[in-house]
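The structures considered in this document are given below.
Two complexes are shown next, each including chain A; its partner changes from chain B in the first to chain C in the second.
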Partner chain A sequence: MLTSIKTNSFTNEGQRLGMMYYRVAVILFGAQLLMGLIAAIQFLVPGFLFEIFDFSVARMVHINALVVWMLYAMIGSVYMMITDETGLETINIGLGKIAFWILTVAVTIVVLVYIFVQVGAGTEESIWLIHEGREYIEAPRWADIGIVVVVLIFYWNVFATYIKGTQTGIMTVMVANLLALAGLYLAGMFFTDNISMDQFWWWWVIHLWVEATWEVFVGTLAAYALIRLIGAKREIVEMWLWIEVLMLFGSGILGMGHHYFWIGTPEYWWEIGALFSALEPVPLIAMFVHVLYDWGKEQGAAHARGETASVITNGPAMAWIVTNAFGNFLGAGIWGFFHTLPQVNIYTHGTQFTAAHGHLAFFGAYATILIGMMYYGVQKANGIERMKMTFKTKMGIFLITFGVMGMTIALTIAGYEQVLVERAELGATWNGFFVAQELAWYVQAQTWRTVMGVVTLIGFVYLVWDLLTIGKKTQEVEA
Partner chain B sequence: MANENLSVWTSIPFWRRSAAWVTGFASILLIWLTFDTLGQISMGTDEDLKAGTIKRVPAPTVINYNIDYQMSKKRGHEVPIIGAKEPFFGKEWSVEEAAELLHLGKLTSQSKNCMNCHTLLGNGAYFAPDLTKAWLDPMWSDKGPMMPMTGKSTREEAMAEFLINPSQYPTHARMMPNLGITADEAKGLVAFLKHMSSIDTNGFPRNFSKTAEQFKLGVSHAH
Partner chain C sequence: MEILITRPEIAIDMFLPIFVVSTLVLVFGVGYAALITLSKMGYFSKKWMPLGYIFWALQTYCLYDLSVMIQSEPFTSKVLMIAMVAYLFVPHLYFRLIEDTDERYKDTHTTSNKI
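Moving on to the complex of A and B:
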């Protein structure tokens, strides 16, 4: 069974390295789901693993595994496309592989320390060696520096290959965007006693990643994938890509204001944050129109030529990319807009509403397209011309999407209860918090969230099983 | 398409240039606003406190003052009110001592991973109460249950005692775990929380003061 993922029909070394990144990404994705499940159970059974493996630990690994698997899959996807786009082998693939192993060893150590050491004393050493205790960017300082070094090696590889090779529009956006993405990480690498200052710069990393540079990254991947999967015209996808960059950065950069409503920052961020973040869904609409329009156009053109077959050369990848088009708009766009205006956000800020948005947005905007790229990698690894969905592909995509939607809806309902009771009625006091947490309907919503989490996990098992077997199976059918 | 020049709307160079201009303009605006905001959120000084100059983020020595959170008619939401001096852990803290204590508290808040259960200024995890105004929470007032439960007579001592042995003082089935917080670290954390409650958060969390007022009058939502 494992042979298919090892089978190697790659036409370039970058894709082989990309696949190594994907394998670690899938393992971390699994860790993310397991940790999420533990945390979800702790909402319902407070004594579960109490003072053994507390919520804070499960939650830290849950969100860190999320961020890191996505970064792995993103780096993997860049290596997957670099030779196709530039027409060159990656300049120094050997160094790229060393960087991969350094990063993987570092991530393993960090995760083991999170799990087994958990907390340290209130000293600088804890921040350097254990974790920084800052949501999403908990990695200890030594690992921060390691990440910067590894990313510099990766970036140099990409940049040097780009400069020497063909400079397509897709690669131009990729190279510029990656520079911003990597540089922003530096904003999260210092300590301050001032909590307002701390969160101000923390958002430079978190927001300018997930609501600006990561979104542009997704646009770039979608552009590449549409060319590869359905034969879309480069001129069209590249024009769309520039329009997407314009709209994503035009709304997303100043949309940062919606995180500066309540952290001690001045009131003018209300207007700036409201206006620009309200515009953030617009490019997401454009992106899904673009994917569906191009698909229809290419299929229509094929029919006009008298071809009867589908234009899609990789069914699973295309299915996940179409899921991305909808998921990005729904999770990031709609669920984000729900609570982005300060008039609403003063009540919803820091409630289960945020968790609902977080789940659907990370899944819809990022997980989906990165899984799609993994299927593309499997196709390349096995030298397959046309890859069709299997039963397992369908189970994977259905159960994961259904599970995440279910969790999102359950958390939205929980958030609604919490907002009305804890925030509007009781003013976010200690008692207000617990009164809301113990409401029967809130508990019911958390129960459904856990059930849907299990559904997602089952879908993940199908996904991994499919990624491991679909290549071999398709080869047998083709033979 | 681009070289046929049929229309500017289908011209790649047009969109590329527009994307660059819009991105550049938004970035410059963000950087300019950042400079303004950094000025407004940098910590005030002890002199500001003495002179009654209101800072969005006051000096660490704000722990020597009474802090309240009240509706401001002018601003339309609640704002922190820094009142008369009051002892904190039985003494007045010098500029250096207060800064050192806040530093210890902030470090401890990170190393104990507070943010992955609680929210601070509304950011973090949603498993435990928001800590933005925790210092002012009626639970810790002289009418609240925590002072008698911990056997302490001041707000700060009750909070510190709770932080050292949280699972000894359960209020609900969901409890805070023992994180190995020392007596000094607990003092630091309480200073950190008191300092955070003095930050002007534009009225977040809303209605907090109203509930605190009702609590004082004996209208409790506690079970």
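Moving on to the complex of A and C:
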């Protein structure tokens, strides 16, 4: 990754720009973990960095950095694949590079403002200049407008190249899905004083991103990666992709009802939310089977031809994509299904159950495949035919996965204790909240969450170290 | 004031069974899909397929049990059971589609963007 800053073997400008996005994504990923660790310590020691770096700010930067690094890595992945898919150099790539720098400068300013202006009244001025106060998409309005402009430029790059070039099934899904993904951001851009109405539209962004358009995006990346990494047949992969799109949108769009149970929306959302949420794990099972099926099939076909070598041309990327298949099912599927039905959700929502689901789902469904795509970028940057896992790759995967699983289990235990004590026994009262916070199970669970956060951070160090060195090391071995 | 929503009362000792059963619904569900797919692919012997159907039956039972434990409306329980009958056919339909696609494109091996 480091060598690709100055010299690289990229065959097109789109991939160069994609790597620029990856670099910023990795920096933001690190910031996300650091902020998460500070917030985790503050759960245990509430006075830690009090009035220097408050919990509210650490948490805000933690979750905003998460969303932004993933969006950076997604945009990077699109630039990484667009020329391969369309057979054309990205149209107006110069404009795309300007947009990259505008976005990066804007993100830096927004984060600095979050950090340096920590306390103050919420006013019309603060909505425009400081932040909007909506979880995950807290960017102030000036930045919102800037993001829209940058995304329009990005979309133009992709759309114009797609229209002029070869229109593969993968790119068709990508272009249509990106339009929905970008368009949905608009629903989160206006502020209303009515909290129910505000939340109603806010979920259009959050839910329809992470449980519809982002999942389709993952399906598209997986399809592309399976073709590139194991030589899967395009026709088969695209057939899977279309079915996944059908199932993901079929269940995911109305599955949004599970966020409308308790925010003042009509009661019919109970039935709609329950039924469609119950169906949401089905496409995740399909995606899980898909990756393993294609891998097994291609390896089996290679063995039948008498080839003994693995069909995988990029071990680290494939390892992360297989982790994605498991992680998506576990994090989004099982931990989501735990508390998706209204009768259970009334007790669990807003507890650490939600945090447990959020950690494993974001990691399993998105972080894994985006890291896999970064390894693909490193392979391309170094012009490597076949890239194998190193010790650092394995340590990165193991420690990050183990750390996130550990955090998830710890948070689940904390959430379970909250459900029993805070919600069921003490009836979701103000007093119940504080009683639950001080019980031994909760405190111990938060301690383990912090320990596992440190494990994740160590894994991240291995990951970055590997991304920076694996290309050159493999080149030396190949030479 | 008219009460619109009554909170479903779940006994404290019922939460753990609810979380366990909801996990089992998906574990058996993925087990069913995986066993049927792998048996049809030839990785497992066809003898494993009955075990796959047992997984489906267990999944259906767990989902029913879950709907009872969380005091679902009878209509919702019925819809969930109909969904489970539909799920019985999903891996077969899926595999059929793959086989047909494989058959149609068996002489091609398109990994590039030239379609």
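By our rule, the second predicted complex is superposed on the first by the 471 of 479 C-alpha atoms of A that agree within 3 Å, B and C clash if a C-alpha of one lies under 4 Å from a C-alpha of the other, contacts with A are read in each partner's own complex, and residues count from 1 in each chain.
Definition applied: contacts are C-beta pairs under 8 Å (C-beta built on N, C-alpha and C of every residue); 3 or more make two chains touch, one makes a residue touch a chain.
What you see is a predicted model, and the numbers here were worked out from it, not measured in a lab.
S.K.: After lining up the shared chain so the two structures overlap, which partner does A:Gly264 touch, if you call chain B first and chain C second: first, second, both or neither?
M.R.: It touches chain B, and chain C stays clear.
S.K.: For A:Tyr347, decide between first (touching chain B), second (touching chain C), both and neither.
M.R.: The answer is both, since A:Tyr347 touches chain B and chain C.
S.K.: So, does A:Gln199 touch the first partner chain B, the second partner chain C, both, or neither?
M.R.: first
S.K.: Just checking: does A:Lys473 make contact with chain B only, chain C only, both, or neither of them? Give me first, second, both or neither.
M.R.: In the superposition, A:Lys473 touches no partner, neither chain B nor chain C.
S.K.: Does the superposition put A:Lys388 against chain B (first), chain C (second), both, or neither?
M.R.: Neither: A:Lys388 stays clear of chain B and chain C.
S.K.: Go through the superposed model and pick first if A:Glu235 touches only chain B, second if only chain C, both, or neither.
M.R.: Touch partners of A:Glu235: chain B and chain C.
S.K.: Examine A:Lys97 and indicate which partner it touches, taking first as chain B and second as chain C; both and neither are also allowed.
M.R.: neither
S.K.: Once the shared chain is lined up, is A:Gly133 touching chain B (first), chain C (second), both, or neither of them?
M.R.: first
S.K.: Regarding the shared-chain residue A:Ile243, is it in contact with chain B (first), chain C (second), both, or neither?
M.R.: both
S.K.: Which one hits more chain A residues, chain B or chain C?
M.R.: Answer, by number of touched residues of chain A: B.
S.K.: Between chain B and chain C, which residues of chain A are contacted by each of them?
M.R.: Touching chain B in the first complex and chain C in the second, residues 169, 235-236, 239, 243, 267, 346-347, 424-425 of chain A appear in both lists.
S.K.: Can you name the residues of chain C that touch chain A in the complex?
M.R.: 4-5, 7-8, 10, 12, 15-16, 18-19, 22-23, 25-27, 29-30, 33-34, 37, 41, 43, 66, 70-73, 75-76, 79-80, 83, 87, 90-91, 94, 97-98, 101-102, 104-105, 108-115
S.K.: Which bits of chain A are touching chain B when the two form their complex?
M.R.: Residues 39, 42-43, 46-47, 50-51, 54-57, 59-60, 118-124, 126-127, 130-135, 138, 169, 191-200, 202, 235-236, 238-239, 242-243, 245-246, 249-250, 253-254, 256, 260-270, 272, 346-347, 349-352, 354-355, 418, 423-435, 437-438.
S.K.: Write out the stretch or stretches of chain B touching chain A in their complex.
M.R.: Going by the criterion above, the answer is residues 1-2, 10, 12, 15-16, 18-19, 22-23, 26-27, 29-30, 33-34, 36-38, 40-43, 56-57, 60, 77, 99, 102-117, 119-130, 132-134, 137-139, 167, 171-175, 177-182, 185, 188, 192, 195-196, 199-212, 215, 220-223.
S.K.: Applying the document's contact rule, which stretches of chain A touch chain C when the two form their complex?
M.R.: 84-87, 166, 168-169, 227-228, 231-236, 239-240, 243, 267, 271, 274-275, 278-279, 281-282, 285-286, 288-289, 292-293, 296-297, 329, 333-334, 337-338, 341-344, 346-347, 416, 419-420, 424-425
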